[in-house]
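The structure follows.
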C-alpha cells in the first residue's frame, strides 16, 4: 500500500486496500479509467488529507453502515479540523461476506479466522454456529485479512467476495452475514465549492454543535427544521471529544441548499448554534424525490417575502 | 351625536360620545387643535368605516381592557372586512370610575344607576356593597348614562370623572372600581401603509387563521415565532363566526416588521396559515424595550444570510 | 323578574327572563315539570350564586356563541370566586332572531329598535340594510326589549321568535341574523361532585393559570396534553383581571376525567400551572365520539403501569 | 485467556485481558478479593453471556468514552437479544496511554507499534509527530499489544501504564493521548431485578425504538421527558441493524425509576414507542445531585394524584 498518491494522473483516491467494498463503491461512481489508477489510501485520514492538500480532487470513503452505524473515522475527519471538506456524491453498496481460505477444507479444521472488526460484528452469529472453536482475529481491513490468509498467517478470512480472485483464495461459503441486506453508504468527498445542481431528490448533510448541552437545546434545533417543513432522514449524536456528555449532531435533511426552505433552516442553525459545519448538498443515491409541501416550496417562499416587502412599504 | 364627520377639518375620529375614556385617549395622542374638532363616532364600526372611506385619516378606539379583555367590536372590525386597516399608535388610560348624580344625596336614596355594561362589571362589588338595593341599568356608554342622569331619567350614573363637569353633575364617590389600577388600551387606526419607524420598543399586531383547527396547528404557529426568538406579549383566540369551535388568534409580538426576525416570522405564518392579517408595527405606549437576544439581532441575520450565500457559491 | 328563587320547589334556575334562548335550552335539558317552575334569575351571577348557596340544585346559563365567542359573565363566574362550580350537562340551541312590533307596520316607520348587544351584533347588517335610519338601543336582554316594545317604549325589538307570543307582539321578519346557523352552547352548572359517568363522547372543561406569562409557558401547557394524546377542542385566553397582558386559558379537551389519559394530563397541569380549576367532565351535546388512539387507551395505560411496577420490583 | 469462568468462586467478570482500563474499573468497583479472582472474559459478548447464563453474577464492561463515544459492542449486547440485562453501577476511569517497549530505544528505531484501534485513534497525532515512520498495527486489546511486544512480535505498544509491569516492559513515554483528560465510563451489568435504592443522584438508562422513523417522532419522544421535567444527560442514536436510516435511541435521564416523574416518563414511552428496553437506575459515579424542580418532586406528584382522585369523587 502506498502512503501517498504516486503521480499527477491519480486524481481520485479511496480507502484502500484494493479489493474492498470501498473499491466497489469507487467503481460505481467512476466508470472510466480514473478508477483504474485511483490511489488506495492507507486510511480515511490519509485519503482526506490528500484532498485537503490538493493532491487528490476527491476521495471515496465509507460513511455509514446499516448495521454498524456511522464510520467514526470518516465522520471525525469531516467534523474536526480547520479545513472543511464537502460531500459531492454518494452511493450504496450491499455488503456481502464470504469465508475464504487457501483451499477447500472442512470448516472444523479452521482454527484462526481473520477479518475487520466491523465484518466480525456482522458475521458473529454465523461464525459462532459454524466455526465455534475458531479464534477470530481483528485485522485492519477485510482485504488485509485475505492477504494474510494467502501468506499463510491465518487459516481463513471473512472478506468481500471479490477478494478471493485478487488473492488467489477459494470461497468456502458466501452470504454469511447474520442479517442479509446490510448496506454501506459511501461518499465522495472534495474541497468546498458550489454544490452540484439540485435534482429534486437531494440530501443536505451538516454537523451542528449546540450551544448549551441540554435536552431543550436539541428540541430547539429540531424546531429550526420543523418551522420550515424540512424533514430529517438522519440524526446522530457524536461526542465532541472534549468531555463525557458533550455531543454534536450529524444531521441529514431532505432537500438542497438552493431551496429556500433549506437555506432558511441552515441560516437559523447558524444563528442559534455554537457552530454549524455544512457538509454538502448532493443527489440521493436512491433518486427518491420526497414531495415538498406546497407551503414550503419556492413559490410559497417568494410569495411570503413579497408580502412582507409590501407591508414594509418597500415596494 | 353626529352620524358622520361634519366637515373636512375633522381628520381624526374617536368612539364617542365626548366625555368618555376614549376622548381622554384621543387627547393623549393629539395635543393640538385637531382633538378639539375630532368626530365623536356613534360606534366603533362607524369610526373605522369613515377611516376606510377616507372621510377620516385616523380614528381612536378602545382595544383591550385589563379586566374585560379585548373589545370585541374593535377586534371584529379589524379582523373582518375586505378593506384592511392598520394600527399606527397606542396609548393606555387608567380607568377610574365615579358615581355621579344631579345633587348630593344619601346613597340609600338611589334607586336606579345607569352605566355601560363594562363599567357595571368593574364596579359590581362596590355597588353591591354601597347601593345594594339599586337597579343597575345598562346604557350604551358611560357618557350617555351621565347625560340621562342630567335628563332625570336615572338617579345616578357610573361614569368617567370628567363626565361630571360636562353634564353638570356632582360626584358622590370616586375610585369605585373593584380592582384599582384597571387600564384600557386604545389604538389609533389608519389605512394601510409603511409603518412608523422602528424605535427599539415596538409591538407588531396580527391575526392568524390556522389551517386546520387542531391543537397541533396552534403549537406549530407558536413555533414560527419561537424559531426566530420572537416573544409574544398577547395571544387571544376569537371565534371566526362560522361555527362553534372555529377560532382565529390575535397575536401581539415584541418587535417591528423592519426587524429581520419579525419579518421572517411573519413570512413563516404567511406560508403556513390559511390567512394572516397584519395589523401594524408601532411604538409601545410604555416605551419598554425588551433586549433582543444576540442570535436574533440584525447582525446575526445578516451574518447567517451571507454564510448561506457563500456556501451556495453565489458570492 | 324575581330576585331569588321563590319556593323550595324551584330546584333549577336559568338566566332569565322567560322567553329567551336560555329558556329554550332549559327545556331541552329538562322535559318535565321542573322546567315549568324553574327560576328565571336576573343575572348569570345571581343564578350561579343560588347554586353555590344551595338554593338551587343547578342552573342553565349561556356559555359560548359561535359568533360572539365566550359569554364573559358565565366564564368569569366559573373562573373566579372561592366556591367552585361544575358543568354537568350541555346543549346547543340554534340562534334565530325575529323583528317584533306591536302591529304590522312598514319597516320605514320604525324609529327605535331595542335588543341585547349580542343580538345587535348578530343582526347588524340586516338592520343597516332594512331599517337604516332606526336607532338601535341596547337593553339587558332580548326578552326585556320585547317587553318594552309591548309597553310602548320602543317601536320594535330584535328577539327570539318565542318572545312574540309571550308579549303579544307580531313578527315583522324572521331569520334576520347576518350569518344563519349561529349556535349558542348552554351549560347546566351544579356544585362540585363526582362527574356523570363517561359515555365515550365526553368533554372535560378547565381553566389554567400559567405560572409565567410567557409564550413558552403556553407551549409547555399544550405539551401536557400532547404527551398524553389528549386533543383539545377549544382554547381561549381570558385576562385574569390583574393587569394588561395577564391571561388564563379556558381549555376544553376530548375525554373524561375517569380516562387515565385525561387524569394524567390534569395532574400534569396541577403540578406545572399556578392554578387549575376543573370545571367538569360531561357528555357532548352532539354525542360525537372521537376515536382514542390505541396508545392512549385504558389498556395501554394499565400495561405501562404494570410494566413500570415490574421493573421497580414491586410485583 | 480463559473462555469461560473457571470456578464457582468467580462471581464477577470483566472484559479482559488483565492489565487494561477495564481491570482498573473493576478494582474501583470491587475492593475485595472477588476482584482478584474475577474472570477476564475474551469479549464483551462472552462476559455478558456468562451473566445471562448465571455463570457470573455481574460483569464490568466499557460503556462510553469521551473521545470515541459509545462502545458499540456493549450497547449492542444490551440493546439486542431476548434476555435483557441491567446496569447496576458505574465508574469513570481517566484514560492515560503509555508507549511501551522491551528496552529503552530511540523513538526513531521503532518500526511497528501495536495497539487497540480506539487507543490508536486517541494517540494518532502524537504518533504521527514522534514516530511518523512507524506502522500502527491494530490488535484486539492494548494488553494483547503489550503481550506481543514482550513476545518480540512488535517493537512497541500503546497501552495502559499498568501493562508495563505486567508484561515486563519499559515505558518510553507516558501521557501520550492527543487530548488529555479523556475518560471512559464503565458499567457493572447484572440480571434484571429491583434497582439499587435511589440516592438522589441517580441515572436511568434505556433504549427506545420509535414507532415511525420520522423527525416528529423524536420530538414526541423528547416531549415525554419534558412534560415530566426529566432532564436528559445523553441521547445517542444507533442504527437498529435493519436498514439504513432506521435508528433506536440510547437515552440517559436524570433520576431513578422509583421517582414518580421518571416512572411516568417511562410509562409514557412504553405507551408511545414501538419498544422500550429499560437498562437500569443506579447511582451516578460523580455523585452529583441535580436539584429536582418543586413541581416534579414526589410531593407535587402525590398532591396532583390526590387532587384528581378527589375530583373523580373516589375519595
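As written, the chains take the letters A, B, C and D, and residue 1 is the first residue of each chain.
What we mean here is this: contacts are C-beta pairs under 8 Å (C-beta built on N, C-alpha and C of every residue); 3 or more make two chains touch, one makes a residue touch a chain.
A quick note: this is a predicted structure, and the numbers were derived from the prediction, not measured.
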Same or different for chain B and chain C, where same means more than half of the interface numbers show up on both copies? same
Centroid from C-alpha atoms only, then distance chain A to chain B, rounded to Å. What do you get? 58
Just curious, how far off is chain C from chain A if you go by their C-alpha centres, in Å? 60
Centre-of-Cα separation between chain C and chain B, whole angstrom: 25
Multi-chain contacts in chain C: which residues touch at least two other chains? 226
All touching chain pairs, where touch follows the definition stated at the start: A-B, A-D, B-C, C-D
Note which residues of chain C are touching chain B in the complex, please. 45, 64-69, 72-73, 76, 92, 117, 121, 124, 137-140, 179, 181-183, 185, 214-216, 218-219, 222, 225-226, 231-239, 241-247
Any idea which chain C residues touch chain D in the complex? 192-195, 220, 223-224, 226-229, 257-258, 263-264, 266-268, 270-272, 278, 295-296, 300-301, 303-305, 307-308, 311-314
